[in-house]
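Written out below as structure tokens is the structure these notes cover.
Labels A, B, C, D, E and F are assigned to the chains in the order they are written; within every chain, residues are numbered from 1.
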Amino acid sequence: MDKKTAVFRKEHFNAAHRLFVPAWDDQKNKEVFGKCSNPNFHGHNYELEVKVTGVPDPQTGFVIDLKLLSDIIKEYVLEIFDHKNLNLDTTHFKNLNPTAENIVRIIYDILRKRIEPKLDLQVRLYETERNFVEYPA
Amino acid sequence: MDKKTAVFRKEHFNAAHRLFVPAWDDQKNKEVFGKCSNPNFHGHNYELEVKVTGVPDPQTGFVIDLKLLSDIIKEYVLEIFDHKNLNLDTTHFKNLNPTAENIVRIIYDILRKRIEPKLDLQVRLYETERNFVEYPA
Amino acid sequence: MDKKTAVFRKEHFNAAHRLFVPAWDDQKNKEVFGKCSNPNFHGHNYELEVKVTGVPDPQTGFVIDLKLLSDIIKEYVLEIFDHKNLNLDTTHFKNLNPTAENIVRIIYDILRKRIEPKLDLQVRLYETERNFVEYPA
Amino acid sequence: MDKKTAVFRKEHFNAAHRLFVPAWDDQKNKEVFGKCSNPNFHGHNYELEVKVTGVPDPQTGFVIDLKLLSDIIKEYVLEIFDHKNLNLDTTHFKNLNPTAENIVRIIYDILRKRIEPKLDLQVRLYETERNFVEYPA
Amino acid sequence: MDKKTAVFRKEHFNAAHRLFVPAWDDQKNKEVFGKCSNPNFHGHNYELEVKVTGVPDPQTGFVIDLKLLSDIIKEYVLEIFDHKNLNLDTTHFKNLNPTAENIVRIIYDILRKRIEPKLDLQVRLYETERNFVEYPA
Amino acid sequence: MDKKTAVFRKEHFNAAHRLFVPAWDDQKNKEVFGKCSNPNFHGHNYELEVKVTGVPDPQTGFVIDLKLLSDIIKEYVLEIFDHKNLNLDTTHFKNLNPTAENIVRIIYDILRKRIEPKLDLQVRLYETERNFVEYPA
């Protein structure tokens, strides 16, 4: 069994955000981001798919215990993003526009430190059913 | 063809909100509504299912043209709720807690005035895949 | 156990159709039905949900064997509609506009004769994920 | 606000079962239930939708707190059915065939005692995406 | 941020088609393609997922504005395929069998000319929930 | 058309299993696998996605006839796993823990012998909507 296997765990969180580049004024933000830059925010049900790739342990048959992976996601990602305002309640997006592309990279960076280095990691984030992103591609 | 037929149209909108009873202080709101009362808001992808019931027109075979129904929902509901903060950007929830139960009733009241009286109306609103409401029951 | 229980079986079929009232010319059909009246047809993956309601048999615990219900739907509905042109390949829509409202009533009429009279019947038909109908309402 | 509103909470559990009427021998069970009566069991991801109907509280805007409803389902239903063998690990199906019809009625009876009498209750259970039941109908 | 990010946009269209190799007669087409070669056509709800990969703009945080990507898909793909008969109403399938494999490659070729060359492109097309294709693999 | 195209076919099966390492006693199995090691088993609706990649035949436009692929999956995978107890009714998991990682690799090995060597193969298996695996990664 030398080929690698990928395992996926899906979690979700609900958050408010607005697309906003702090270096620009409200007018320019509105021109570029339209209704997504509403000053009072809007929000999403974010669906998060975390993919971990490696060789399964020969005895347990696990790449990683999905219960453990779920706990890591809950403790390090959902705890800081769920039922929060991404622009106001987190440190990550004080100076970074909370686009799906930026959110998924931040989540990857958080999880990368918590998953064993020998395991590969990729994160997919659904902002809506029709708009989603993946990092690294 | 005397029995009635129901037709359904599904639309969606993304909005921020917080559960908040204006008559209570932040502390009491937090005790009752927990993280759903986060002062900086959170948000959802709301899925809206509108059900219209009547006898199909014998020539067109339509209860109501679903293109027309979609246009009505977009003009009178999505226009005021999509990419908005329900607590701050709408008049409806200035003094009304934006629970799913209250949102669905407000949407029903808006649409009831725009759909012919001979047609029955019911609205279902998904706040998440696992939490949803229907009015009237 | 005197209260009734409903059981549902979901099947699907793929068909071509055009919205077309034979009493009208192509111009009027296009005015009323728009691109849905394209003379060369378009098509859908129709999802069909059949609901049968009754008192479960005290020994088997079945309202109706869902395998039997599935077989009835396949033999009497899918056999005549799946991979067909509803306007050209069926007798039902020679003089009847194949709207979702009319299709669902025709399917109900077909199945009503094949399901025991003591059992209630209702049919839901999805033309797309966002447009669907139910008969009787 | 005199009309009633319905709220829904969706939960899930994974269980093994076999269709089996204790009064019959294995041969007759196999004739009637086919592969669903495999003596070594098979299993499902059961999706459970609980519908509670009433008048929302004028202050909170809740029919019932969905967090509370979720906790009730977890404590009284999932605790006894999740990751269990319905035939062997529960008392409910010692002498009752665990068809979807019987499972949904048992779940209704369990929850009915835990939900305030002034609120109406209905339960829907998906055995697969294509086979599901509802009680009371 | 040197690693690439992928963004996805999902759109859909409804079309009629028949599997048909013009070089063969109807009999041979029927032998090879079965009911999918019905001379009067059948149809599908096609779900289209377009994946664009690149390095997000450091200021906007966008790989590509998904609103722009959606507009490109609508103008150059949906405009020619939605509510059409792929065999009769398009130039692409006059001499090419409209299998999912061929449709997805045609859509890729159309979009490739409209997306900046520095961005990678991949297209997935669902013919049904259970049959889908991806190009390039 | 020198680039490869991938085609996917989705099937499903329902099975019982328990996570269980035969070299360990029940106590150790319970410590490691928790409720997933329930001695009387639990079960799942497994969703199986088979991806076959190659160059479409220039005349038919098929990488592989999806009807044929579906038949291969049914004959060689569903026939031995559907409505079965993976631990007791199959030879594959007598001495192998039926984790999703191990099941997906066994299915890959079975199908690899039945799909032409010039075509690439990958298998994805959903144990639940939130837990799934892919092989080879």
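Brief remarks on what is shown
To be clear about the criterion, contacts are C-beta pairs under 8 Å (C-beta built on N, C-alpha and C of every residue); 3 or more make two chains touch, one makes a residue touch a chain.
Quantities reported herein were computed from a predicted structural model and do not represent experimental measurements.
Between B-C and C-E, more C-beta contact pairs are found at C-E.
Of all chains, the one whose mean C-alpha position sits at the greatest distance from that of chain D is E. The distance from the centre of chain A to the centre of chain C, each centre being the mean of the chain's C-alpha atoms, comes to 41 Å.
Distance from the chain A centre to the chain D centre is 34 Å, each centre being the mean of its Cα atoms. Centroids built from CA atoms put chain F at 28 Å from chain E. Among the residues of chain F, those in touch with two or more other chains are 129. Shown here, the protein chains touch in an arrangement that is not a line, ring, star or fully connected set.
In summary, the structure contains touching chain pairs A-B, A-E, A-F, B-C, B-D, C-D, C-E, D-F, E-F.
Contact residues on chain B toward chain D in their complex (touch as defined above): 19, 21, 23, 32, 34, 96-102, 104-105, 129-137. Within the complex formed with chain F, the chain D residues making contact are 12, 14-17, 35-36, 38, 40-45, 82-85, 88-89, 128-129.
Residues 1, 3-11, 53, 56, 59-63, 66-67, 120 of chain C are the ones touching chain D in the complex.
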